[in-house]
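Starting off with a structure, shown below.
Letters are used for the chains, namely A, B and C, taken in the order the chains are written, and counting of residues starts over at 1 for each.
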Amino acid sequence: MPAPLELADIAADLLARLRARAPRVHCITNSVAQAYTANVLLAAGAVPSMTIAPGEIGAFVAGADALLVNLGTFDQERKSAIEAALAAARDKNLPWLLDPVFIERSPPRAQFARDLVGRAPAVVRLNAAEFASLAGFASLAGEDAEGDAALRYAKTHGTIVALTGAVDRVSDGERRMRIANGDPLMGLVTAMGCAGSALVAAALSVEADAFLATVAALAAFGVAGELAAQGARGPGSFASAIIDALYNLSRADLRARMRVS
Amino acid sequence: MPAPLELADIAADLLARLRARAPRVHCITNSVAQAYTANVLLAAGAVPSMTIAPGEIGAFVAGADALLVNLGTFDQERKSAIEAALAAARDKNLPWLLDPVFIERSPPRAQFARDLVGRAPAVVRLNAAEFASLAGFASLAGEDAEGDAALRYAKTHGTIVALTGAVDRVSDGERRMRIANGDPLMGLVTAMGCAGSALVAAALSVEADAFLATVAALAAFGVAGELAAQGARGPGSFASAIIDALYNLSRADLRARMRVS
Amino acid sequence: MPAPLELADIAADLLARLRARAPRVHCITNSVAQAYTANVLLAAGAVPSMTIAPGEIGAFVAGADALLVNLGTFDQERKSAIEAALAAARDKNLPWLLDPVFIERSPPRAQFARDLVGRAPAVVRLNAAEFASLAGFASLAGEDAEGDAALRYAKTHGTIVALTGAVDRVSDGERRMRIANGDPLMGLVTAMGCAGSALVAAALSVEADAFLATVAALAAFGVAGELAAQGARGPGSFASAIIDALYNLSRADLRARMRVS
C-alpha cells in the first residue's frame, strides 16, 4: 500500500494525465446534475458528453474513455440508455462507474442498481444510506462496520466500493483506504456527489489501478473542497470555488492536505 | 395580524426550524430550474428530490414533507407525474404549492393550472401575468387592484395566493399582506421565482399557519436578495450571492430589513 | 464593410436595443445547457423560454422574436419539437439559428443537421469539428482554409456560417469577418458555446442585417469573456463573471477591445 506522500504524488500524476489527455467521459445522469457534473469534469481536464438518446448513445459511448451511470432519475428512457451504453462499454472494454443515487427511497431503483452491480462496474460510489439499501443491511453501526462491510461487498461482487461521507472508505475487496478530506459545504451543493463520481470515472480512464484511481480522485476532490471552503461565504460561492480549486489543484496542495490512511 | 417585528421573528424561527429539521421537499419542476431550486433549498436547510419517473414518484412524495408543482414544462410525462404526486400528497396530507409558470403563453397549460387549483393547493405562487391568465382577467390596474383580486381569488378557491413582483401580495382570503423586499436582480436570474416557490413549499412543512409561512418565506427570500445585491457585480455573482445570503440569514437581518405590512 | 470602430458602435447599439426591447428568444436546447443559456440571455436583456412540449411549443415560438435550435440532445421528442417550432417560425417569419452540437460524434445527428440547413436558418453556429462533419470535409487545413470553406458553404446554402474557435470566422457568402476576441476559459464552461448561439439568436431579433448581428453578438460575447477572465480564479468564477460582464458591457469596452477584421 502506498505511503501518504506517494499517494499525493499518484493523485498529482493522475490530475496531470487528465489535463494532458483530456479523456472523454460519457455521463448518463439526471438533469439536476448534468451542468455541474460537466463543469467539474471540464475543470479537471476531461471532456463530458451527456446524451441519452437511444439512436446515438452507443456511438457516444464507443468514442468515450469512461462511462458514468448515475441513477438520479430512473425512468424507461434512462433504463434503455443504460442498456445501450453498457453494451457499447463492454465492446470497447471501457471502465464504468455506478452511482446509485437515492435508491433507499425507491424499491424499483434499488433492484435495478442490484442488477447493475452484476454487470461489472469498476466502481460503485454511494453514501451510507444507499449502501445499506444496495446491500440489504438494516443499518451500519459506525465507521469501522462500514469499512468492513464495504470490503466484504467489494470482494463478493468483484467491484470497488467507494462509500462516501464525512470520511470516505474505499475497498476493492483486498485493499482498503480511508480518506478524511472534504468540507461540510460539499453536502449543501446539489450534484456534488454526482460530480465526484464523474471525476472518479474520468480517473479510471487514465490510471489502470482502479483502486488507486478511485482513492486519488476522491482525495483530490476533497482537497479541492477544503481549499474552496477557505474563501467561501456559503454554498453559493463554494460551488464556484471548488471548480476553481480543482482547476488550480497542485502537487503541493495534495502533499500538504491529503489525509489518506 | 402580527406586527412587523413579530413577523421578523416568525421568519427567523421558521428558518431555524428548516435548518434543524431538514424537511424533504419533492419538486416537480422544469429542467431549467432544477439545479438552482435544489441549491436554494439546500442553502435554507431543506433536502430536495426531483424525480418525475412514474414508477417511483409516489414513493418519493410519500417520504417527503412538502410538494412543489411547477408547470414550467408541460408535457404528458410531467402531467402524469403531477397526478401520481398529488395522489400521494393527499394520502399523506402533505401541503403542496402550485407555481403556474408562463401559463399566459399557453392555453392548455392555463387550463391545466385551473384544474389544479381545484385540487387544494395550500398556496398558488405566481406573477401578475400568470394571475391574470389563471383568473381570466384581461389585466389588473395597479397594485391595489392586484391585492383585492388576490384576496377574492383566494377566498373563492380556498387557497393562498402569493402574487409576486416588485411588491409581493399574499392573501388567504381573509388576511392580506404586502411584502416590499427584494431586488431587481432577482428578475435577471433564471429560476429565481421557481426557487422562491420551493422555499415557500419548504416553509409549509415547518409552519402550520400556511399564510404566515408564505409571508415569512417570501420576505426572507427578498431580504436575502437585498443582502446579495450589495456586493454583486451583476446577475452572475448575484445568483451565487443570494444562496450564500440565504444560508447566512440571521434574525438581525430579518428584523432590520423585513418590510411587511 | 464597416470599420472596426463602427463595428464597436454597431455592437453597442445592438446591446442597447436588446436591453430596451427585451426580445423573447425561444430555445430548443439540451438540458445541460438550459439554465446557463437562460442566464446569458437574461443578462443581455432578452427573455428566454425553453419548453419543448408538443402541445405548446407552437404558441411559445409564435410569441417569440427569435428561435434557437440546438442539437445537443437528439431524440424523438426534440425532433418533433423542432418540426413544430420551425413551422411556427416560418409562419411568423422569425429568424432562427442552428447550433449542430457534437454532430461529428453521431451520424444520425449530422444527417438531421444537414436536413435543417435546407430549412433556411439565418445562421449556423458551430466549431471546426462540427463544420467538417456538416460539410463532409475530412478536415480543414488552417484558419484561412476555414474562412474560405465557411464562405463557400454560406454561399451554397444561403445562410450565414459562424465558425467559432480561438478565432471566429463569420461569412454570409459575400462578406466575411474574423473576430479575435474571447478567452480560453470560455472552452472550460459547459454550454458556453450554446449560450453564445442564443445571444446571436437574440441579436437577430433586433438587427435586420443578420451578418452584422452575428458578428456583433459574437464579438461582444468575446469581449465579455476577456473582461471576465481578468478577475477569474478559474472556470467556476469565470462562469459567473462573464454573465456580470455581459450585463455591464459598455460602448467603451467594445471600442477598446473589439478585434474584428
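Just so we're on the same page, contacts are C-beta pairs under 8 Å (C-beta built on N, C-alpha and C of every residue); 3 or more make two chains touch, one makes a residue touch a chain.
Small disclaimer: the values here were computed from a predicted structure and weren't measured.
For the touching copies subunit B and subunit C, the fraction of interface residue numbers used by both falls below half; the interface is of the different-residue type.
The angle of the rotation superposing subunit A on subunit C, based on CA atoms and rounded to the nearest 5, is 120 degrees.
Work out the mean CA point of subunit B and of subunit C, and you get 33 Å between them.
Multi-chain contact residues of subunit A, defined as those touching 2 or more other chains: 31, 35, 239-240.
Remark: subunit B residues 30-33, 35-36, 72-75, 102, 105-109, 188-191, 232-237, 239-240 touch subunit C in the complex. Listing the residues of subunit A that touch subunit C in their complex gives 31, 34-35, 38-39, 42-43, 48-56, 59-60, 63, 239-248.
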